[in-house]
Every structure is written in C-alpha cells, then in structure tokens.
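Which chain is which? They are A, B and C, in the order written, and residues in each are numbered from 1.
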Amino acid sequence: MSQPNIAHGDDRGRGFVPDLRRTLNNRRALRSAALSALTWVVALIAAVPLFSVLYMLIVEGGARFGLDLFTELPPAGFEMGGGFGNAIVGTLVMVSIAAAISVPVGILGAAYLSELHPDHKLAAVSRFLAKVLTGFPSILAGVFAYAAVVVLMGTYSALAGGIALSVLMLPTVVLTAEESMKMVPQRMKDAAHGMGCTRSQVIWKVVLPTALPGILTGVMLAVAGAAGESAPLLFTALFSNYWLQSIHEPTASLSILIYNFSGMPFENQIELAWAASLVLVMIVLFFNILSRLIGRPKV
Amino acid sequence: MNMLQPAVTDSPASWHVPSERMAIDCNLEKVFYGSFLAVRDSKLPIEKGKITGFIGPSGCGKSTVLRSLNRMNDMIPVFRFEGHVHFLGQDIYARNVDPVIVRRYIGMVFQQPNPFTMSIYDNVAFGLRLNRYRGDMDERVERALQRAALWREVKDKLKASGLSLSGGQQQRLCIARAIATEPQVLLMDEPCSALDPIATRQVEELMIELKENYSVALVTHNMQQATRVADTTAFFAVDISRAGRTGYLVEMGETRQIFEDPREELTKEYIRGEFS
Amino acid sequence: MAPNPFAAAVDAGSISGPPAAYDYLSDRVFRILAYAGAGAVVVLVAYIVWEIGGQAAPAVAKYGIGFLTSTTWDVGNEKFGILPQIWGTLYSSLLALLIGGFFGLFVAIFLTQGFLPPKLAIVFRTIVELLAAIPSVVYGLWGIYVVIPALRPIADWLHETLGFIPFFSTSLSGPGLMPAALVLAIMILPTVAAISQDALHLVPFKVKEAAYGMGTTRWEAILKVFLPTASRGIFGSMVLGFGRALGETMALAMLIGNANQITLSLFSPANTLASLLASNFPEAGAVEIRALMYAAIALLAITLIVNVVGLFVMTVAVKKQ
C-alpha cells in the first residue's frame, strides 16, 4: 500500500509562500465580489420607490398646496378649485374613535398578558390571535364593521369607520404594550411587591409609568397605520362632500378621497388626489416619526 | 446534646429566643420549587431589635428562606413549603392572610438597587402614598433620607431621577424607601453585593443604626460583613447527598460564638475558608 | 377586604397599614378589566368569524362549493363564482413574493452583513421601514401615474418580441397584473426585510467566527452558513409577506383592472378577492352582498391559513435557534 498522498499531487513544498494579496484572479473571490456588487445594486433599487413616491408627492401635491385645501369642500365633477377640509377632519375623527377604543382595551389586555397571568391559557390564546390579527386583511375589518355596525345602525357612519380601524389598531397596541411591559426590569416589579403593593398597584404605579415610552411608540405606530387605511372605510364611513355634523352619518376621509379622485377623468380632481396624498403622508409620517422619537432609547 | 443550649431539644441547629422577644418565628421544614426540595429543616427565630445574619455558600437557600419571610416567594407559582412562619404571633401563611399586608409590615431591600423610574422624592414617598399617609410628607421623606445617610447628597436634587444616582446611593435610596413607612422588620438580601467598599461601609453603619428601631434579617455572602454587623448568625449549607441541592440550617447562634467557637465541624471549615 | 391579623401586634405609631377598601376594590376592578381586555381579542376574532360567517351563510347554502370553482360574476342573473378572483389573488401575491422576497432578502443581507457603516445602515433601515408607512392608496395613485407609464414601453417590447410565451401574451393596456404585483412587492418588501434581518441577527456570533475562521469569503459564509442557519426565519418572513400580499386591497383595486378572468399573462387585467370586495361592496344590493360575504369568508380562510403557517414557522425558528 502506498502512503496517502496528502499534497494530492501538489508539488508545493515546505518552502512555498502563499500569495496573500487581495486579488480577483481566483473564482472564489470573483464570485464574492460579483454578489456584493449585486447586493449593492438590489439594495439601491429597493430604495428607489420611496424616493419616487416622495418626489411625486412633493412635485404633484406640492403644486396644489395651499390654505384652501384645508378650508374648502371637495369639488363636484367640472368644478374648479376646492379642497378636502372635511376629509382631514373625518380622518382625524375616525382615527380618534379607533384610538379611544383600542388603546384602553389594548393596554388592559397587555397588562393581563404581561403581568397578571402571562402563562394562563387565555393569555396564550389571546397573544396568538393578536399576532394572527396583525396579518388580518384590512378590507375584512371593513366587512366586519359593515356587518356588525352599519347593518345594525342602518347607516354608514364615522362610528362604523372608527370601529373598523380599531380592529386593525388593537393587535398592534396589545403586542407592543405587552412587549414594553415585559421590558420593565423584574427587580423594579419586585421592589413594588416588596413595598406591599397590590397586583394592580404594581402595574399602575410602577410598570405602566416605566413602560410608557414603549407603549406610546406602539400607539403612535398603530395611529399612523390607521390614518393611512382606506379599505376598512370604503363601506363603513363611505364618503361625504360636506363637513362632519355627527359621527352617525357618512363621513369623508383623505384616503377614500384619494381613491375616488384617482380614477376621475378631471385634471382638478387628480391634482387634489395628489395634494391629499401629500397631506395624508405628512400625517402618517408625523405619527411614525413621533413613535421613533418616543421609542428612542434614552441615555 | 449540647451543653450551651440546654433549653433546646429538637436539633443542634436550633437557637432559642423567648417568644416575647421574637419578631418572626420561622420554621421551614421543607421548601419546594415544584418537585425540587430547595431548603429543609431550617428553624430561624428573628429577634426584635437585633440583626440576624444568614451566611453560607451560594445555592444554600438563604435567599429562599429570606423571601419566605414576607411571602415574596408567592410570586413563584411552583413554590410551596411545609412548616410555619409567624410574625408577631400571627401565621403569615394562614389562609385568610393577604401577602400584600404582610409586605407592608415586613419591608425588603434587594440584592440589586432597584429604584423606580421616578424622582428621588417620589421614590421615598412611594410607600407613604401607598399607605395613604396624611401627615407631613416632606418631613417623613427627609427623615428617611437622613437615616439612610443620603440626605446631604441629594437634598438639592430631590426632583432628579432615582436612577441618576450612583449604585451605592441607589441602594441607600432603596433603604430610605423601605424604612420611610417604618415597617416592623427589614429583610435585606445581600444589600451590598453590588456596591463598592466605601458604599458597603456606609450601608453597614446604617444597618447598625437601624436595629434600634427595626428587626433586621440580613443575607450576606460576606463573612466579614456578618461579623461586623450581625448580632446573631445562622449558617446554612448545601446537602448534595440526595442527588439534589438542598439547603439547610447547620447552626445558629450569637455571631461571636459562630465565628470563634462553632459547634459544627462544617461551620468550622466554612469559616476557615475551606469551601465557599 | 381581608382582615388584618397584625393590627393588634404592631406598634401603634406605625405608618404601615393594610390597603384601604378602595385599594382592594380598584384592584378587583382592574383585574376584571384586564381580563376583559385580554378576552376582547379572543371575542373579537370569534365575533368577526361569526358575523361575516352569519352574513355569508345564505350564500354558502345557495351556491355551495361551486361558488369557489365557477368563473362568472353576474349580478343581473344572480350567478356568482370567485375562481378568477382566487386565481388572481394567489397569482399576484406569488409574483409579488418572487420580486419582494428577492429584494427583501438582499436588503436584509445588505443591512446585516457589514456592507454599510453602522450609522448609514440605520439610515437605510429607516428608509426601508418608511416604505411600509406609505398608505396603500398612495401607492395606488403612484402606480397609476408612475408605474404603469414606466412599464408600458417594456411591456410592449416584451409582448412584441416574446409574445409566444404565455406570460407576455397580451399587451399592457393600462391596469394589469404586473403593475399591481410590482407595487405589491414594494409593500411586502419591508416585512420580508425586517423579519429576515431579525433571523440573520439571531445567527450566533460563534457561528460567524467559525465560518470566517475557516477562511471563507464573505459570500461563501453568507450562502453556506448564515442563510441556512437563518433559513426558517427567512422562510417565515416570506410566508408572512405572502399573507400580507393576499389581503392587500387598495393598491390592487386601483391597479389590477378588476377583470374577472383567469390569465397567465402578466400584462392583462385580473382581479383579486380583496379588490372585488372593495370595488363591488359599496354599490352592491342585498343579493350581491351575501355573495361578497362568501368571498370575504374565502379570503379570511386563505389569509388565516397562510398567517398561522407563517407564525408557526417563526415560532419553530426562534425555538430552534
């Protein structure tokens, strides 16, 4: 038997000095460099849509930007001018209704999930369903609110729209609030228990104040998301060409205005759709950036 | 069985305190976490107006014992025990006793400083507000901070966050918070383990002052600390004979006796530093 | 209120005392409310299923399973079928997943494998996250006025030169599958990128050391070690991204053309379940609404299955690592 030839026919002896210089001459290095270049290209392409959207919003929407947008009502077919003051009011009112429902319920639920009975079966089921709801098609929230509220009340309304939006906000609020309450150090909770706090005093006096920035971050994110939603409002709030009189009647919103005007054959309406998009994105980004600022770790 | 303790009969580990001098009468026959036997056969009277030190190697269950004294172990769902813990003659584990009330009278200072994310003033006033104290809040806060030897350092920044203080200051703040409501007993779970030597010395001096008004139970990993501050010392060890790690009380007595003339061979070895 | 057995034994001057009756009451109330809050999520989901199901029940009874396999949506003759919409939903989401998944995964690699200095990486990560913040109706508008015009010359060229391939068999007349899928891809990219980044971050440092210590190039390490290690999380991100695409409504309602036909061609109009609901619901009569509720149940079932699978994969992925 011959000795196994360790060098596999390689005649490089002990005196061989490998070339350590960076080079693209071998296939391994070349392939790596090519893939890296591809990654750069792909990543930069991925950033293009955001800038393209922002560019269009500023150019198309900015061209029409003015005070009358906020004070006037949407124009009918061939009318010139006009604005969407009622749609801004409607969006803000419906998002407020949604927040008024989902924030207290969500924080209470999160207190149960994180502090009171984290291992209870109800907590496990609730947490799982909240995660499932985050991927819930927003149009179905509209279908649900239609069946549960519009049919019952006999009319499209801001209330129905707000309820539809609250379905979409609730899981975000629950999950982020639970996460931030869990981040409160156990030793702080122990200290409160050691002082003789009841379970709810521990939560009220120590856990909630300490977790507040995180909870607000989640709430702001949920608000930002809800403000931009349109599918749930299509057949719950419907639309209105007039100022909001009561939350029990059809209500305008920015997103539905954009949807309705985008398909119209009139230049004026399309300009307004762009301007409304600019305002809507500013509202959404305001809450989005606010959530980032609140949630930023403090030194 | 042993000549020094004629009044006691049940085990050489026992230490006798007359019942009128007893703040907490604790007899933990068995403490379980689930099926794991964490502590056995530990009978520890905590005397009024004295500092009782708990020493022993890590994992010997001294913290478990301490946390049984104000029902902090109730936080752990799998915790259960056999035996009794009486506070001023009342069974704190009786069915109709609310652990929340127990903790109002038996305060606790933890291993890690754990101030709340609120101002220094609010930290100290926390317990007062919790107990709906109606008197002069400012005065109580000042007195607690003074007794915790922190007043001079923080009197000009009471509105600052409790978390802005140094580690030693934070721990003294936690002590001030615990004593502001004047609980009957103070449980201290290795209060100096996160502190530097200077802060440790300050906290130790504080403990000696506190014992005029409080009964203190002190868990410490530091034998010198026990000799410096404890009146009575309980020595715990780990029994690994039954394939578990079960802590138990080896012996308890006056601190001087435990360190200079221990009755048990194990105690002697531990104090000589043969294991830790 | 629990009795205070210590009252007699403690010093008279002590400040400590048992919680007031009010404290016990508020504790009780808070616990009940918290229980209700946690229960609300469960009740809500049950109520959604029950409510939509209840409204759909007459249509389910009337049209049966044939509803899912027939292809006409004729309100006048009360003939309803949603096979084209199911096909359109799955097809557009799959296209979006191919594009958005590819880009999302590369973005995740780009952001986790040291291509950028940390500060720039944060900026770029924020840009990708902001993609998710743009409302879908704005994407729809952008799609109509930017994507479709930009796509038209490419689509025309592909149709003329490669028209024999089924994918390019029609020309792009305006709205269609491809612009819808492109916009959909942009919308799921942040989901895929974010979850894949988490998965790649979870690759233990010692695995990285081991890979580079063997003398691998950056890409050998990524392809042969990091991606396989993070594969479950990445797969989970794709499934969840797919689930998001299935339910997306507005951008599709504005871009896909709402034509109830089954087609392979990327440039012909189609329809999805969500955009069927969006465009027909507001003006539907009682009979059509029941049929739409049936379609809603179908959409609910599809997204529920995909999301549960995605969450399950994610849970397993986190446990394995």
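Rule of thumb we're sticking to: a residue touches a chain if its C-beta (ideal position, glycine included) is under 8 Å from a C-beta of that chain, and two chains touch if they have at least 3 such contacts.
The model shown is predicted, which means the values in this text are computed figures rather than measured ones.
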item: Chain nearest the overall C-alpha centroid of the shown protein atoms; value: A
item: Greatest separation from subunit B - chain, by CA centre; value: C
item: Averaged-CA centre spacing for the pair subunit C and subunit A, given as whole angstrom; value: 12
item: Whole-Å separation of chain centres (CA-atom averages), subunit A against subunit B; value: 48
item: Computed distance of Cα centres, subunit C from subunit B, in Å; value: 53
item: Multi-partner residues of subunit B (at least 2 other chains); value: 100-102, 104-105, 127, 130-131, 181
item: Of all residues in subunit C, the ones touching two or more other chains; value: 16, 19
item: Residue list for subunit A, restricted to those that touch at least two other chains; value: 196, 198, 201
item: Subunit B - residues contacting subunit A, complex; value: 70, 72, 75, 77, 100-105, 107-108, 110, 112, 114-118, 126-127, 130-131, 174, 177-178, 181
item: Subunit C partner contacts - residues on subunit A that touch it in the complex; value: 28-29, 31-32, 35-36, 38-40, 42-43, 45-47, 49-50, 52-53, 56-57, 60, 104-113, 116, 122-123, 125-126, 128-133, 135-140, 142-144, 146-148, 151, 167, 170-171, 174, 196, 198-201, 203-204, 224, 227-231, 234-235, 238, 255, 258-259, 262-263, 273-274, 277, 280-281, 284-285, 288, 292
item: Subunit B residues touching subunit C - in the complex, by the definition given at the top; value: 87-90, 94, 96-98, 100-102, 104-105, 127-128, 130-133, 140, 180-184
item: Subunit C - residues contacting subunit A, complex; value: 16, 19, 23-24, 26-27, 30-31, 33-42, 44-45, 47-48, 51-52, 54-55, 102-104, 106-107, 109-111, 115, 124, 126-128, 130-131, 133-142, 144-146, 186, 189, 193, 217-220, 222, 240, 243-244, 246-250, 253-254, 274, 277-278, 281-282, 292-293, 296, 299-300, 303-304, 306-308, 310-311
item: Subunit A residues touching subunit B - in the complex, by the definition given at the top; value: 119, 185, 187-188, 190-198, 201, 205-206, 209-210
